[in-house]
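The two complexes that follow have subunit A in common; it is paired with subunit B in the first and with subunit C in the second.
Showing the complex of A and B:
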């Protein structure tokens, strides 16, 4: 029986590994960090959109399915440093702090995921300059009872709970100025979810979302959007957050209220940037080591988006999840299962 | 962006929509790099100093050029576009890399050429006259709070003390202790400048907006001509002599 190399231990890679193992294949899972679960675990996601169920309820069983399966060998804190050979016999060198080993694999699945866009380059938002301008992933950590603020939303500047909160959509997405014209595909639902979580916990707070379009195409997303407006009185203003300044120790934002055709300034206590998804360093590294094609933005390019969505440009090397482009968890799990089936079918012949 | 970049928006114009003004604007070399569709996001408006104080919107400028409605465009060329401060904030923030600033500049040039600008620029008569007859466009006594709604309290206070301040600042510099112009240029310099305008055709262009100013300048030049031409000859001779040395 051939062994499969899975690179990346996020939700996609975990699902791929456990599906293959259940079908009887041996799997080596290589994860560069010392934990499994990817971004969901790194940023301590608390509740997931759109159902507001605990992230742990989703990610823990996926991790457990991997850790409890004896067909899977997990290499944490490890990197694939070189690959030679071709399908169906690859030789890969796996390196960690203890040394290097070489193994032979019948197929390789790349599930290296994404990185959150770093908003420091959008200087006009003042991230890194103004303490109370934070990112959506930092808010995920705060809202988690096991996070740094024990579940409280706190202003980094003074530790106080903010009363007026503005959320800026599309930070680092739909933006030619930063070279990312694509849509992040999760920002809208994540912000809506965070707005609801904040209003639920602090009913007296005011939450304003500055957006261009609310892209609510997923299962239950539009309903969540309705709920935010109707039940939680979250205020959605159609206009992109344009600039943040500090006036008398208070954050002040500029935008245009594009429905009323007027420029506005708005004083708030905290600004959350809905930072989008960018191709991660880990994905770029994997593309280099394996010699597979990337698209214009660094994400991995399928051989054919319609007909072979999980095959890379190289035979025997497969791709899945958020390393192909922005994707939510539900779809990552589908991708993980799909790529496992594809690989299993291929290795059987 | 390279010069060869294709822009589907500007390429369509020749054979499709729009009237005369629309086509003239779209033909301008700057437009190709200034209009790539518009998200209607309002980033440009939020950062625009003109939009903060006047009935003007760079988003509208972009939308209008995409829609191509001739009447609206003509109206804009006669009025609203003259509010833009040409600060380029819109260009450096627009997520589609549009530049309302460049579109407006092209529209202004075409408005002048096509005779649409006279009314909008009437308020600038004093400035134009000052440039054409004295060689500087803004005089301290033109800077008053009622002409600048965007001034804060500090500017208003400073403006009320401008003569005293200039006296103090420019003690010993004759020509600077004035408020009816920024500084007093020499007659010779002004004459030379006027000559350049006349010969380059700029004066004729000014005439499409301020016809009477052309007469004023020409009279001014005639009055000085004899004296100034003699000076020019004198300078030329000096130059020749220095070359021979």
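Showing the complex of A and C:
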């Protein structure tokens, strides 16, 4: 049985599908939205850290590799509603607006990814109450020339370009209050990148980052952090944003400068919340349909984190990418290729 | 934006205001500004202030804290970057000057901050803002020293001590018994001379120096 079902048309699923197709396997790619590219396309990511290269330069070739390969059948706007059987023969029902079809597969790869954390829960930050408190994915859309503001950073309340901007790190990450005690792994570098983009576009603006730790562990991330500080004069303040209020009709944040042992109140024009990663709806749905194990936070649990990182708790079902936990695009592509190799090896016998 | 959390009126009663009256604000400082950072980074030696990521290597290895409590280069840098001008002046203006330029901080800084120069730049920044008021002994001595060098091209020990005491308004102290006996001992042992030698044609150099310093 040389047909593989890939669930999820984000960067991981796309990479898996194209790698498997290149090796001669037939692939069915199921995507719930009507476009490919996942969160990258959904939130119109503009530039990628740390090189500030265009996200399109990365995602477009990956999408094209899938669309141009005749071994891949793409089901957009579709869901996998039920799966029966076991390795090496699964029967999966794929449902879309036209109806249901049943297909047989030798293996299933789950690449359902993540969702951005919804900061409405963090009431003290006033997301949803104050228009000028926005998330980092909204800023990403704004900074994209094809986005709603044509690449201009504008305050949602009055459409003006903000002069003082504060960025709150770790919103919905490292936070037991919302049940996400893990690190989102990309918030630090994304905020640093956005701060640089803002300073590059509006040199007169002031960007303040409120952080607990700057976790710059990736390739070129620490260097980007240094660049933001030295060349772009982004002000990093150690201290987690505590609350946002309105003072004289202006946004006012409270935090402690822990280095200085000093609580402060700081008036700004716009606040960007670096919302972390949560297990996506698709991931939770897939876990339910397939009956595979999740960890405490809803992400999919590998059979063995060290020895078989891409195998789920069920034989024949594989997992890859940000549905296993927060992951950056670079590593998602690695995961996609890795799981493709694993599946190909298994199906060959 | 309609909501103003400064005031919260429920059933005609303003609630937050009442609380604020007997709960003193915890906020010690309002607003953050890059005004002072912009000034310091333009001063000679101040440009590397931007590189600092507050690891504390400088203060950790500093020569001074054994002798000068609270001398903390990392803190000076952070105060300037955050624009906490009041703390810088009230708590640190007499500290910033005490750096002995041993350069341990500069050599050890993992981020390439020229810490000693930055501390000097911060001191210069404070001096330019005239926060010191009355001259400290250190500054008075520096001034007398410079004047002497420009005037005579060399240091005359007796003259510099006399000028220093007169500058700080303590000529009386100079004539105290122990000072005089110390002076006498130094004179007889040849440590100091009553009349220092002159440098030939120094007038021209002095003139040129003064022009240059104008």
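List of remarks:
Following the convention adopted for this analysis, the second predicted complex is superposed on the first by the 348 of 349 C-alpha atoms of A that agree within 3 Å, B and C clash if a C-alpha of one lies under 4 Å from a C-alpha of the other, contacts with A are read in each partner's own complex, and residues count from 1 in each chain.
The definition used in the following text is that a residue touches a chain if its C-beta (ideal position, glycine included) is under 8 Å from a C-beta of that chain, and two chains touch if they have at least 3 such contacts.
For clarity, every value in this text was computed on a predicted model and none was experimentally measured.
Once chain A of one complex is fitted onto chain A of the other, the partner contacts of A:301 are absent, as it touches neither subunit B nor subunit C. Contact with neither subunit B nor subunit C is seen for A:284 once the two complexes are overlaid on the shared chain.
Of the two partner chains, subunit B is the only one that A:239 touches; subunit C does not reach it.
In the superposition on chain A, A:254 makes contact with both subunit B and subunit C. In the superposition on chain A, contact is made by A:230 with subunit C only, not with subunit B. Touch criterion met: A:124 reaches subunit B, while subunit C stays clear of it. In the superposition on chain A, A:175 contacts subunit B only, with no contact to subunit C. Considering which of subunit B and subunit C touches more of subunit A, the answer is C. By the touch criterion stated above, A:212 is placed in contact with subunit B alone, subunit C being left untouched.
When both complexes are overlaid on chain A, the residue A:58 reaches neither subunit B nor subunit C.
In the three-chain superposition model, subunit A touches both subunit B and subunit C at residues 254, 257, 263-264. Those residues of subunit A that touch subunit C in the shared complex are 129-132, 157, 206, 208, 225-226, 229-230, 233, 235-238, 245-249, 254, 257, 259-260, 262-267.
Subunit A makes touch with subunit B in their complex at residues 124, 170, 174-177, 212, 239-240, 242-243, 254-258, 261, 263-264. Within the complex, the subunit C residues that touch subunit A are 1, 3-6, 26-32, 34, 37, 50-54, 75, 78-79, 81-82, 84, 87, 111.
Chain contact summary for the complex, subunit B toward subunit A: residues 36, 39-48, 51-52, 57, 59, 92-97.
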